[in-house]
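Chains here go by letter, A, B, C and D, matching the order in which they are written, and residues are numbered from 1 within each.
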Amino acid sequence: MSKSRLEAFSDGVMAVIITIMVLEMKVPHGVEAAALAPLVPVFLTYVLSFVFVGIYWNNHHHMFQAVHHVRGATLWANLHLLFWLSLVPLVTGWMGTNHLASLPTAVYGIVLLGAGCAYYILTRVLLAGHGQDSPLARAIGRDAKGKVSIVIYAVAIALAFVHPLVSCALYVIVAGTWLYPDPRFERIFSGK
Amino acid sequence: MSKSRLEAFSDGVMAVIITIMVLEMKVPHGVEAAALAPLVPVFLTYVLSFVFVGIYWNNHHHMFQAVHHVRGATLWANLHLLFWLSLVPLVTGWMGTNHLASLPTAVYGIVLLGAGCAYYILTRVLLAGHGQDSPLARAIGRDAKGKVSIVIYAVAIALAFVHPLVSCALYVIVAGTWLYPDPRFERIFSGK
Amino acid sequence: MSKSRLEAFSDGVMAVIITIMVLEMKVPHGVEAAALAPLVPVFLTYVLSFVFVGIYWNNHHHMFQAVHHVRGATLWANLHLLFWLSLVPLVTGWMGTNHLASLPTAVYGIVLLGAGCAYYILTRVLLAGHGQDSPLARAIGRDAKGKVSIVIYAVAIALAFVHPLVSCALYVIVAGTWLYPDPRFERIFSGK
Amino acid sequence: MSKSRLEAFSDGVMAVIITIMVLEMKVPHGVEAAALAPLVPVFLTYVLSFVFVGIYWNNHHHMFQAVHHVRGATLWANLHLLFWLSLVPLVTGWMGTNHLASLPTAVYGIVLLGAGCAYYILTRVLLAGHGQDSPLARAIGRDAKGKVSIVIYAVAIALAFVHPLVSCALYVIVAGTWLYPDPRFERIFSGK
C-alpha cells in the first residue's frame, strides 16, 4: 500500500490545524497599544503550539522518508496522532486566554502527552511492518528523546496544579530539544 | 482520466472537515473543572464524528487503490459523498450541545445515512466503469457491510424519536464494525 | 513550468472554500423542528454554492488535463479565479440568511459573474500559450456555454432588484447546464 | 531529502490562509446598500492581503522549481515563513475594521516585514545548500527587490504613526512591484 496518500492527508490536516489556530486569536477591538496587551499571552501560546505542530510535521516528514510501505493499522495509528493534534487549537485558546491557570495548563499538557504517545504508537506500528535491519529501525533506534518527552509531559501535568509556570517552562524546554530535525534520520539519508 | 487529482481534492476536503469540527467546541470560559463539564458530550460527539470521517477516508483510500480510471460521473458521485461529509461538523455541534435530544440525534443519523448512500452510489459508478473481473469488483464483492450500515442508520433515525440513546449506541456500533480497514482490499493487495 | 503545483494549490483552496461554507450555517439553538426552519433557505443556498464550487473544480480539473505547461501569467489568472471563488462563502451566508432580498441576491450574482469572467480570462491566457491545434484549443472551441453563462449572470443581477426569485432561478438553471463535465474534454480524452 | 512534501505542506498552509481570511469579513446584518459600507475597507484590505499571500505563493513556487534538495534547516526556515503568513488573516481583520488607524496599520507592516525577512532567510538557507553556480544562485542573484521591500516595510511601519494612509500606499506599491512572477526565474527556465 502506497504511503503517498497518507502523507498528503496528514499534510492537509496539519496544515489546517496550524492555520486555524490563528482564529482563536480574536481581532482586537481597540486600536490602542492597550488593546494588544490581552493578546500577548494568547500570542505566546500560539507561537508555542505552532512550534509543536511544526515539530510533529517535521518528524513525520523525516520518519516517513524511511518508511517503505504502510498497512491498515498504520492508517489508524496515524489518524490517532492527527486526533490529538486536532485538539491543539482548542487547548491553545483556552490556556492562552487564562494566563496559565492550573487546569488549562494541565489540559494543554494532556493533549501534548496524547500526541506524544500517539507518535510513539505510530513508530511501533511502523516498526512491526519493517525489519530489524530496515533503515527505519536503525533510524528510530532506542527513541530515547521520544520517551523522555512523554515523561516530562506527565510531570508537567502534575506540576500544573502547583506551579503552572513551571509546567509551561517544561513545555518550552521539550519543544526546544525537538526544534532541530532528528539527526538520526539526517545521518541515514546523507549516508545514502 | 487520472484519479490522482480526485484523490488530492478528496484528501483536502476531508482534512478540512475533520479539523474544523474542533471549531464547534468553543473554548471554555472558566478555568474550573466545572467549566469542562458541558464540553464532555460535545467532546464525545467530536470523537465519534472524527472516527466516522476517518473511516470514510480510510475506505476511500483503500477503494481508490483498486480504481484504474475515473470518468465525469465519478467526479460528481465523489462530490456527492463530500457534500454529506461536509455537513458532519454542523450536526456534530448540534447533537453534542443538546445532550442527545431527539431531533439532533435523528438529523445526525440522516447525514450518516446520506454519506452511506453516497458511498454506495460511488461504488456503483466505479463498478460500472470497471469489468466484472476487475480487482475493484472482486474487492467490493457483495458489499454486505455497506448495505447493513445503511439499514441500521435508517432504524436509528426512527428510534431517535423514542430512545435517542439507543440511536447513538447504534451509531457507535456501526463505527466499531468499520474501524478496521476492509480486509477484502487488504487481501487483494497483499496477494499482489 | 510544471502545472502540478498550480493544481495542488487550486485543489487546496477550493477544498477549503467548499468546506468552510458550512461554518456560515450556525448550529441551531433549539431542538424542535421549528429551530430548523430558518436554516432551510441557508441550506438551499449552501447546496447551490456547493454545486457551483464543484462545477468550477470539475471544469478546472478537466481543462488542466489538456494543459501542457503554465507561465507566470497563468498563475495570476488562476489566483484571480480563486479570489472570486473565495468570496462565495461570504455571499452564500448573506443571501441565505436574508430570504432572497434584492441586494444580497445581486451581490451573489456579481461574485458568480466575477468567477465566470475570471475563468474565461484563464482559458484565454492558457490558449495564448498553446497552439491553435493543441488539444486544449480544440477542447475549448468556441466556449459558447461559458459566454452564455456570463450573460445570464448579468441579466440575473439586474433582475435581482425587481424579482430576486427569478434571479435565483437563473442561477439554478446555469448550475444545471454545467452539472455534467464538459463533453468536449471527455471526447478528446476518450479519443486517446 | 525530497522537496515535494515541503511544497505540498506549504501549498496547504497558504491555501488555508488565503481562504480563511474571508471569515474575518462578517456576513452583513442588513440588506440595504448601507449594510455594505462598513465592509468596504475590510474588503480592500482583504484584496491587498490576498495579493500578498498570492505573491508569496508565486515566488515560493518559482524559487522551489530551481531548488534541487532540502535539508532540516530548510524545513524550519520554511515554517518560519509560514508562521508570519499565518498572522496575515488576523492583522487584515484588525486593520480593515479600524479604517487605517495607526497601530493596526503598523502591526500589519510588522507582519509583512516578518514575512519578508523570513523569505530572505529562506533564500539564504537554500543558497547555503546549493553551489554558487547552481541555477538557484543565478536565479536569486543579488535579490535587490527583496531587500528594498524590507526597507520600505520598515519605513511604512514608522510612518504609520504619522500618516497611516501613506504606509498603506507603500504596502500597495510593494505589492505592485511583485505582482509579476520574477523574470529572473522565468528566464532561467525558458532558457532550458
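Structure notes:
Just so it is clear, contacts are C-beta pairs under 8 Å (C-beta built on N, C-alpha and C of every residue); 3 or more make two chains touch, one makes a residue touch a chain.
Values in this document were obtained by computation on a predicted structure and should not be read as measured data.
Summarising the inter-chain layout, the chain whose CA centre lies farthest from the centre of chain C is A. In a homomeric contact, the two copies may use the same or different surfaces; for chain A and chain D, under half of the interface residue numbers are shared, pointing to different surfaces. Our note on geometry: chain A versus chain B, Cα centroid distance of 26 Å, whole angstroms. For the pair chain B and chain D, the distance between C-alpha centroids works out to 37 Å. Annotation for chain B: residues 8, 12, 15-16, 20, 23 touch two or more other chains. By the touch criterion given at the top, residues 7-8, 11-12, 14-16, 18-23, 25, 27-28, 31-33, 35-36, 47, 50, 54, 57-58, 61-62, 65, 179-181, 186, 189 of chain B touch chain A in their complex. Those residues of chain D whose C-beta lies close enough to touch chain A in the complex are 1-2, 5-6, 8-9, 12-13, 15-17, 20, 23-24, 71-72, 75-76, 79, 82-83, 86-87, 89-90, 93-94, 97-98, 101-104, 107.
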